[in-house]
């Protein structure tokens, strides 16, 4: 049996969901026997492959780069999994949403800064007007809430997916967990 | 007041009318007042005086004659001439023409279907009597029904009469009036109340305003009959503060009726006593809902509460309360006077009597009309309304306001009655009827109503509070060209959910304008979404804005 | 913090408080007189201010938050003084279909005031109404209390100019 | 007890139950260990039927009934958990999450919030309607408590407990529709309130992190609600 191709991607989030994924600990070895990690901030591949079976997304869609990435990934992924509250609800990144991007940038880079006051524009992606949950931008197949989702919940969800079932996470994790 | 005294007043008043050879009626309802109907009245009186014809010519202010778009209106008897758009400067000429050739340039033909196709019951006195004089009302059989009920009928017989007439609530839902009265009459407890709902919040409707301005005594009489029937001794009229003229005329009417002993203690020397107080609304559409209206009279935020218990059992201050709207009460005197059979002979099998509509929007003759139930929509718009102006084409007619729907031309032959309209996803409503031509975008119309519902939602229950805002945002998104085709199905799902889960009628009907336009004008939605175009060319479709950093 | 709870006295010598007191007395100082009283306050002062809230709440023995909740529930009550001149544009359905939004836009373009706002000099307030029941003569605008029908955007701007010159 | 009150028997989810005729379907369901979700309902406060989560079906009627305000009737058959109800309840929760800025991960009530646990219980994993992101204030002027309007779901428990139990009526709701907001006194900072007795009842009945004690950090605000049934019980004993 060929291994299932597996990717993880990190958009606007704190990487906590990836840390929680690593907290699966020794079960990662069992997992590694079943899946082939083809793209992830945790490994070295630079390009997202053309066809991936399962992709975990951490983080909200906040910049034009995030959006291009997720649209590309959606096209190439069979089962897209929103991992954690930032991907599900835009969570902490969304706290800027009631305000204009300009005001947010001013507050961060001008008002509260004493030296080198300038808004970075070169080499950084542009912010979208709103930081949005992944499913508002592309369709998502599986949702794993939590900030971060507990390692057990992530492991359970992956096992279910590997068995070809849709995981029911009721009682295993929740928003903000 | 005894019946004899009443008939005497009527006779004297009729006699005094007969003394005049000419009678001039000047509309002084809000529509004509806004085009200075009051100045025209003064000018005519002045001219009559100067011409020394006071003895032979009566000139009085009356209520609404209906054809508001041609105001100010002046009607002259016995010549049978209707003048429209009369200016102060025309007064002299009009007075001079009495008994001679009418002033041709001002004449409005009265053989228009606008007048001939109508059937007046509620509006029988509108435009005929002076709303500020009780004698004039009495001369036109006013308070006869009340006296008859008090002296010749038992409360049960009154209720039976209303029941047999088949009268249904004119406020929108069409609940059988006789049944409601009967429930309240059986209610236990010390006090009972009768409330007249004159909180006509539906944008595009002005029937109640017009009735109150043109024939306020009729409503008082209807309420008094109802109070006698159900056993109440205190009544309230809850009227919008936005209707200052109606309020003034109501208060005048109440004072006059009290002075004549037609309201107050021991009416007609019977044991029946009934007071009426006016309570002002304050700009909240939701107060048209019974329980919200009661909360408002109690001095609270106008938030509806779950029913049951219905107000008929536990209403104002926990007492059995009868709530009917203005037009419902205005039908009652005619039913008592002419009999239930007479009333039941008008209209259709399940919708009896007439209905007053406020015809407005893109139609030639705008104004107030009263038609028998069951008349086809087409006849109202194209005959009575005179069709669409500016050589444009009819697109839709909106009935029932924010709780109703838009009916397209395919269904123009639908008879206007409670059941047929609700089958089309609209409602009879209180009687607003807004005609739209091809220059109106139906998505925008739906958005307009949803914005209304969003700002009028009381905010108590979640589906209505958040749902109306979400639906509004969706419609805005569609208009902005930011929606995808799948959004339409989702929109419909949200609408269905808000309809089924909201606490009161406002939320339960708020999605109707969206659902009905989705049903009949889906292509306009699709055009907005797929081609980013407005079929009617009414909406600005802004360029998509991606980033605003 | 108040210490005594006798019969509250009016906030000032202003005679208008007497009218408000009379309304409350007529209703026997019953809590259900709240909305009627707020109507009298607005009629007398043009708006419902903080001193009025305290006076009415104390006289009718209603909690302050309740009074404030009621006053803000009903859009008829203004909590701020209105401009010297007011222009109320009807945005009922018939008026909307016949271009009320164009009127509002024209006023905003000319005077920079959006619905609900008052000009900086306190001369002009622009308001909207949810149908004033003059649908037969739509679009309708109320200039300083006078209803005018069939108003175009230019008409409206011109009339406001005349109002302001008065 | 009033001797004229009769007992009714009926069915909830095919289980035979009996109740006094003045009891609500929700109360009877709880007595029998049948779960019906709710947020605005609180035992000891006047039910208002506002959140609509507790809606149930009654066989023979297409209408839905808010069980917290619907009295029992002889012989009715109540269904508490149909597909249709599940669908609508999820939508109500989505509406609540989308209405204001509920960010569980950084909320004082994280882990102790009724909205959050309701989402978990009913299986809400993501919100399909767009978030509205309103700008809502936080008032920390009171020396002991904070009100964060971003987390408020307008259940009016604070308003009711302050009025019905404490008797101060410091809280009420201003405005209407999505603009509605809880206020203290004349919409003044809570710290300046003349009527507030600092009793903290509102804080503890609040189902979310909208009302909290000062000094509590993320996930530290545990509500203590046992006082309410106790007070109600003691007061009933006196009358």
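Residue numbering begins at 1 within each chain, and the chains themselves are lettered A, B, C and D in the order written.
Just so we're on the same page, a residue touches a chain if its C-beta (ideal position, glycine included) is under 8 Å from a C-beta of that chain, and two chains touch if they have at least 3 such contacts.
This one's a predicted model, so the numbers in the text were calculated from it and none came from an experiment.
Distance from the centre of chain C peaks at A, each centre being the average of the chain's Cα atoms. Note on interfaces C-D and B-C: more C-beta pairs are in contact across B-C.
Remark: chain C and chain D have CA centroids separated by 35 Å (rounded to whole angstrom). One simple way to say how far apart two chains are is to compare their mean CA positions; for chain A and chain C this gives 51 Å.
For this pair, chain B with chain C, the centres built from the Cα atoms lie 25 Å apart.
Inter-chain spacing, taken between the CA centroids of chain A and chain B, is 57 Å.
Touching of two or more other chains is recorded for residues 284, 301, 456, 458 of chain B. Of all residues in chain C, those touching 2 or more other chains are 66, 69, 73, listed in ascending order. Not a single residue in chain A touches at least two other chains.
In the complex of the two chains, the chain D residues touching chain A come out as 97, 101, 103-107, 110-111, 113, 116-117, 119-121, 123, 125-128, 130-131, 133-136, 219. Partner chain B is touched in their complex by these residues of chain D: 48-52, 55, 64, 66, 69-71, 87-88, 91-92, 95-96, 98-99, 128-130, 132, 153-154, 173, 175-180. Chain B makes touch with chain D in their complex at residues 284, 286, 301, 305-306, 308, 454-463, 465-470, 473, 490, 494, 497, 500-503. Chain D makes touch with chain C in their complex at residues 163, 168-176, 183-187, 194-195. Taken together, the chain A residues at the contact with chain D in this complex read 82, 85, 88-92, 94-95, 97-99, 130, 133, 135-136, 140, 143-145, 147, 168-171, 173-177.
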